[in-house]
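Dropping the structures in below, format is structure tokens.
Heads up, the next two complexes both have chain A, just with different partners, chain B and then chain C.
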Partner chain A sequence: MPLQLQHEGYSEEKLGLLAEKITCRETQASTLLALLGEPDHYTYPSIFIYGHHASGKSHVTECIMKELELPHVTVSCVECVSAGLLFEQVVMGLYGSEATALLPRSSSILDFVRVYKQLSSQEPSYQTRYIILDRAQLLRDMEANLLPGFLRLQELVDDNVTVIFLSEIVWDKFRPSTGCFEPVVLHFPDYNKGELHQILTLDSHPSYSPELYSSFINIMLGVFYSVCRDLRELRHLAALNFSKFCEPLERGEVKETDTHKLWKNIEPHLKKAMQTVYLREVSSVQWEEQQQKEEKEAGALKGLSAYAHVELPYYSKFLLIAAYLASYNPARTDRRFFLKHHGKLKKTNFMKKHEKTSNHLLGPKPFPLDRLLAIFYSVVDNRVAPTASVFSQISSLVTLQLLTQVGHDDQLDAPKYKCAVSLDFIQAIARTLSFDIVRYLYDFL
Partner chain B sequence: MATSSVSKGCFVFKPSSKKRKRVPRVEDYFTEGNDDAKSAKLRFNICQELWEKIKSDTETLQEELNKKTLDSLLELIRKCASGFQLKANDWAGLMRASEIPTAALVLGVNVPDHDVTFQGLSELLQQSVTPFVVSVQAKECTALKHLMQKVLERIMGVDVPLNEEDEGQSGSCSVPGNRKRARCSLSSLCEWYQMAVKKFAARSPGKKCSSLGKDVLPYPPVVIIFKDLEAFSPRVLQDFILICSRYIQQLPLMFIFGIATSPSTIQHMLPHSVSSLLCIELFQSLSCTQHLATVIDQLVLTPKFPFKLTGKVLQVLVSIFLYHDFSVRNFIKGLQLALVEHFHSQPLSVLCCCKKEAVDHAQQFIHQDVERVRQLPSFMRYVENQDAEEQVKLLTNDDHVKEVCQKLIKNLRKYHKNYHPVLRCLHSLTSSLPKYPLGKQVRELHISCLEKNIWETEEYNTAMQLLRMLAKDELVAALQNCADLLRPAKSEKMKEALQQLEDYITKFDKLDQLSSEDLMEEEVTSPGKDLQKKTDLFQLQKTLLEMRESRRSKKMTPFEVLRNQVLDIVDQLVRTYLIPPETQPMNEVCYYSSSGVLRRHLNATPRTSIQTALSHPYYYLQHEGLQTDTGSISNTAPDICVVYKLHLECGRLINLFDWLEAYCTVVSAAEGKDPDSPDYGKVDELKHARFIQAVSELEFVGFVKSTKQKTDHVARLTWGGC
Partner chain C sequence: MSKRKSRETHMLLGECLSQVWMLLPRLWECCCFRHLLELLRRTAVHGESNSVLIVGPRGSGKTMLLSYVLRELLEEKDVNKNVLQVHLNGLLQTDDRIALKEITRQLNLENVVGDKVFGSFAENLAFLLEALKKGNRSSSRPVFFILDEFDLFAHHKNQTLLYNLLDVSQSAQAPVAVVGLTCRLDVLELLEKRVKSRFSHRQIHLLSALTFRQYLEVVCTQLSLPSDFPDSRFSEEWNNSKLTEDKSVEDVLQKHFNISKDFRSLHVLLLLALSRVTTSSPAIQPTDLVEARRLCAADYKANILHGLSILELCLIIAMKHLNEIYEGEPFNFQMVYNEFKKFISRKSRSIHNFEKPVVMKAFEHLQQLELVKPMEASTTKIQREYQLMKLLLDHSQIMESLQRYPQCPTDVKQWAASAFA
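For the complex of A and B:
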């Protein structure tokens, strides 16, 4: 191990234990330790740690706190539906559940600071207290004074307390426009391939040798490293596929040392895993079941996206087609498509400059309800009475998320919609009605 | 109300207890407006009875249909729940990211039907797997906290306040010390769950755990059902899943997603980082068209229920289903409406019940009822076909009519008993033919049989021709099917028909032994040789015609003979039993025919009604002064009608002042003023106010709206002129 954790505040033994737990994150851990200082030192008021998903932020912080037995509380911001809940959890973590009774319901940061002051004066601690806020990016969506308040909490409550923010987003995206106290920013870079290998090898299977598992991880990283660097996900995939890897060993066909044969056996399997189970097209349980079956039967399993077909009532289909046409055709071309005597239309002269790009590249455009209905009536062959259920079908298409409603003003008189389905989908729908939709699309003229 | 007081003032009158309004019962609505209360009550009871029967039948039917899907779903839940503990020991389980087991239940776009399914599902779960089942709907969960609150409240059965909002409502409870109610977070659910499990475990070994099935799991899962996944805000769902995944180690959570469109919505709604927390398994329920087919099969195409629909009514119901909503529940509601309407509007529907009761009721007919019977078109036709003496008797003797009635009712029942088996037979024969000349579904065939003589249609003849070309194995299989369908029928006639069919099937079987000998005898003459000699076109045509003749007259193989015979029998069955019900006397008793009423009620056209009201006020107001020629409008019509009429003549933008002037002219004419007088058509305050009111009414109804494009103008919201 090239870098030893060193700190005068803590015993060698504890630091040794800590170092074992945080593989490949020694640099970051020692920086953090240096920042935290000795237990009774006043620490910098706020520390901001950022890095991608599964880059060891929470793990390292948590390990330091646990191993060095520092008073701390960890709160995940995603769980706190309101600020009050967040305060409650902080107070509960630091002072026990009785203390939460002091917080009024629907407390603001002011109440929190008051209660905290009161509690800290009752139970003074010579050690620094730590408040760790996980997924701190969600703080931005809460009350505006929450983030600045936590950033200078030490100053507000006049106590030896440090707030550690853990986030997947860089600090620049947090900074409020009104300015605030700047925290110390610490970056956790992604693990590289070697580090991933080192970490993944740690969870070797008890009944096989670590070397075998290491070689398995090596093969797996070779396949997956290009698409996925998420440690958590890789670990999951390793666990799913290891039994398959060991199959020839179990049958006694191959020795542990014969890596080439093992590789040949597992590689196609892993490639398939990349297309199915990694994308969650197939659930992990199904994947495991499939592995136990024979090779012949496999492959019958269809992924989630294979079931794209949607049954719709007859008029709903036409409404959806009309919506699609209204979304992807310029309004001026409606004459040409839906009137009998429309005269000739030359594409080049007719088009304005911005219309020369394909509408399908630009995405759907909003259209008013009456245009939708006008197109609908000219598309359906027989006469349709404007019944209530035709209109209610439009709103049920909105709830099914096949159409989306645009804008919020004037919803009663002239609502606007967008069509939210793909060309493939609408072509499949049109085919069931034997309606040639491509003939009506301006882009394919 | 009068007082004895001489002074003016406010007086309080307490309602006298005697006069208190009775809350009308359903029955009262039914009998209201009917002169004959007794018969109305009787009809109401029959109707209720019938409806209860239909309802319970559909419910059991739905349960059966969903059974397979729900059973496999339950299996999954059980498996996941029992796997909850095992995971800790297993290496792979330990390494695997703990995913939340999720069942994606694809139910189709008929959202109104889903409620029943979910209800059944959660009941089933509560009975056999876990007491902790909660279902949430999108509309009650617009924000994460609401979703959380709903989940906690429904599982724990306590009030979970959200911090801000409940403050006002429950002022007394908001004392900080008084914290009986749970906090709105999953950690409190976790604590509660641990307690509940302990309690549960302590209680169950002592008592017999009959309430929860045989195998009670030590850790019953907490199942959260999202009824309509599409309608949930993706943001809320993502956050909720993230939170849940933090607790999956301590709390055996499970999700069930109710999906209306396709499973790929999950991928559209959730990013990979979230969907990787789920272990999704797919369940597909029966498609709604199949569902409808079964429902029709059990409710409509059966002699079990005396109540019947005519072709048009059935057509209306089916087309609402196919064109508009795909909802089986709405179809059954429509059936219920037809049922109630029938019993309400047709006094003779007392006879529309089981045979014995119907006979009794007919016996008790009073003179008025007998008169009603005589008025029935089908009965009149029946009378016309009788000889003179009988006719006189039928028209004068009430008792005789009663007797004939009983006989006719019995006949009608017999007709139904024979009709349905034969219908099914014909369908099973023709449903495998290419291009489905008589329709794919039984209901299509049923509708065409109801409307006309099926054997006179083109489609029937093509179907028969195709049947006459069937190969032997196909034909025998089809006949075997028919025989199977006829077997449960109880009537004598059907038994005979079955016997005949079975005889033919055995004959076909015997044919196999004979055929080899017969084939040898058959002379093999190929007419092709002669053809080559002919060069003349006319000659060729002539020979070809001759050949056709000769082929027709040529001796048929024994198989062909048999085939023709058996098909003649089928044809005969069709001609005897599939006659349209209109030809049956007294059919009005059982058949509900007003498709127009049904359509008006089920498939309303609010816009058309408004337009009718505005352009033809007479239609609704029935005031003589309003009656005009078509197209024009009386100037005495209500203001809004005049304004509406005038606005039809304008373009997209309407100048308010011009409109007002035109309005004043019309109204002045109505007042009967002299057109030459100087203040004719002048705007006075009263007219101005009336105009403003009319325009704002029109705006309220949605025909115009104010616009910022031009001052003093309003925009039209409808297109088309007068």
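For the complex of A and C:
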């Protein structure tokens, strides 16, 4: 049940309209409204609002400003590459685009304060003006005096203006080393499962009943809630997968009340979505095409991962396998793996002590070119002549970023490399060559 | 009647802040206020050059003191006619060149037309010094130079502005008062030798020496309405509410006092409490203050941890265990994933076995929230999974937020309590 927003400065109907637009955020909106006070009162010079991504910060602030018709300007700091762009947007939003002519090019905060003072003396405000800075964490990377300047803007320009900062990062990470004017810090908590359900069911499809959409949202939240609570992502996934959910209904196989059958139909689909669309390995357009194709090809659901599409020539694959073995096996174990008549591998004290740290946890180690070639020749089944084409494949592997070159570019006689692929990838490649790589890895002995 | 009451209640929101004007100077009347007033009066009336630094932590009232003194001084007619004021701020004037232009603009010297200042830095400096040097004690007007964020001026190249201003204040030229306001106690260390020697080493320290009793009195006076409030019956009721005598209110204020004595944070607390006053409850209740304190003193990172998904929380617990086992050594994603897999295979009933890329995305979300930070700036030479990271959370923060986490599965909680049981 929505709480009633009460405030004396504004009419009941405006507040009612506002309450309709912001669902599940009534407490935060009322705290913010109480802080803003009546339009002609001075508000605290700076307010800092933090909360998770897509927790309603910009939405609530924008709605309050628009519904109650307060003079404001919203600037997203992502768009402002330089401080001058930021000032220009603020002046344009508060005083109109002709006023930006007063600002010099690439203005500093001093010019901004001077121009603001001039404009505010020409057009005195009877209401508090609000400057809303979205993604405020980027202000920390701009000039050092920008953040402290904005925090005390009310004092610097001597006018009724308040700056509201919206950010994902907590206030502790913003504070400059010599301190600054501390703003009022407000927290927008994340939505819980019930609230997410309530908000997601707001955009139900017109041709189906809201109960059907609600049950779909339930199923989807059941799959995705433990992984992701971001409202935007969930909305995107819901929009993409709803048509697939309704397929059995359209085909006439099930009725709307048959939730179990609908669940059985959609669940593997959602699991696949988690591995592909959620990870952005596949674009949403491709995903939708794939959905339509699946009706005709009732084959196994293949992975749509990008990895499946890398095609390498025969020797390049062996070079990559050799590089992986060189990176993840310690050099002294090469004898045991690659020589026909090797002795037993004696375990020294050193090895016994450090057995637990597997190389797969620490990362690949660099190896010289000679070692790579030695392993390569022993791994490839037939005899290979050391021609330039083999060597050029090594450099093309480096360009593909499957190998990384370690050390200086100038070292031509003994270049060192590191293998930059994961175990799953190399296993997939080894499978195409019917090469059992696990047998050759020291960590899996 | 209630509507009028409500209007008045909300006039408080603006007036409360202006009440400080009447209150704080009473506390300073002892020394610093008189001292500063005398100093500036000597410059303005008797033509003596002075320099002084006002030092105090953030929010202790330096700017307020200065503006109060200036207001008091400018009420005298002969001062008001003669004195010129130049206000500079270290945040705005980041360079000596810009600062000099601002000075010439504020003094309305002849090379200013409209808003633009003509001439190069050297020319402006020469012009300004000429203008200041020509005068003497009797014939030229006294100038007050007020430098806010004084420590930032000390970072300019060669400290030319400071050198020149203090030089003028030491020699027998136009009477000049240089007043610097800063929050750094070691500001004199920042000055070069030649600048330091020209400074008069006069410092006014604004360190609050209030006891808790005096603090309570201050709170009481700040929350009471002035006598000229339009509705006298309402103001009487308000002033008699005896809020500070309540035990819970005293506890809250004691905790706040123990953390910081300055008035700015007190204002935020009182503002949050005041914003809960509505027509239905037209007085501040003790619960309002308790609630305001809870808002002020909330742990920000714990609030962020509250909104993480279960997978991300498991990753944080895995990192906590790694920190305990390896005593704070940096870890990489592969190690965290390994710990997570151990948990899934051995103990978990409720967590699904997620694929590695999904876990990687959760890890990157933690990085985006700045709960996990790479040890060095990211180099493309190292794969993402093997980059060394460190956790920016404390053991106690994690355990506390686990308590408050909604619907936390019990096996996750048990895993967090010990890695081995």
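Heads up, the rule we're going with is that the second predicted complex is superposed on the first by the 293 of 445 C-alpha atoms of A that agree within 3 Å, B and C clash if a C-alpha of one lies under 4 Å from a C-alpha of the other, contacts with A are read in each partner's own complex, and residues count from 1 in each chain.
One rule holds in what follows: a residue touches a chain if its C-beta (ideal position, glycine included) is under 8 Å from a C-beta of that chain, and two chains touch if they have at least 3 such contacts.
Predicted model, so just to flag it, every value in this text is computed and none were measured.
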| item | value |
| --- | --- |
| Partner chain(s) touched by A:76 [first = chain B, second = chain C, both, neither] | first |
| Touched partner set for A:21, first chain B, second chain C, both or neither | neither |
| First (chain B), second (chain C), both or neither touched by A:399 | first |
| Touched partner set for A:371, first chain B, second chain C, both or neither | neither |
| Which of chain B and chain C A:362 touches, first, second, both or neither | second |
| Shared chain A surface residues [contacts with chain B and with chain C] | 279 |
| Chain A partner contacts - residues on chain B that touch it in the complex | 91-97, 99, 101-102, 104, 106, 108-109, 111, 143-145, 148, 161-164, 167, 174, 176-177, 179, 183-187, 228, 230-231, 239, 242-243, 246, 260-268, 272-273, 275-276, 278-282, 284, 287-289, 320-326, 603-608, 702, 705, 717, 719 |
| Parts of chain A lying in touch with chain B, wherever the complex brings them together | 53, 76, 78-82, 84-85, 88-89, 101-107, 203, 205-207, 232-233, 235-236, 238-240, 242-243, 279-280, 283-286, 304-305, 307-316, 370, 374, 385-390, 393, 396, 399-402, 412-414 |
| Contacting residues of chain A [partner chain C, same complex] | 6, 8-9, 31, 34-35, 37-38, 41-42, 44, 50-52, 55, 108-110, 113-114, 143, 145, 148-149, 155-156, 168-173, 178-182, 184-187, 189-190, 192-193, 225-229, 274-275, 278-279, 281, 360-364, 404, 406, 418, 420, 422, 424 |
| Residues on chain C engaged by chain A in the complex (per definition of touch) | 6-7, 10-11, 13-14, 17, 57-59, 63, 89, 91-94, 98, 102, 115, 151-152, 183-184, 264-265, 268, 271-272, 275-276, 278-279, 295-296, 298, 300-301, 303-304, 306-311, 332, 334-335, 338, 351-352, 354-358, 361-362, 368-370, 380-383, 385-386, 406-407 |
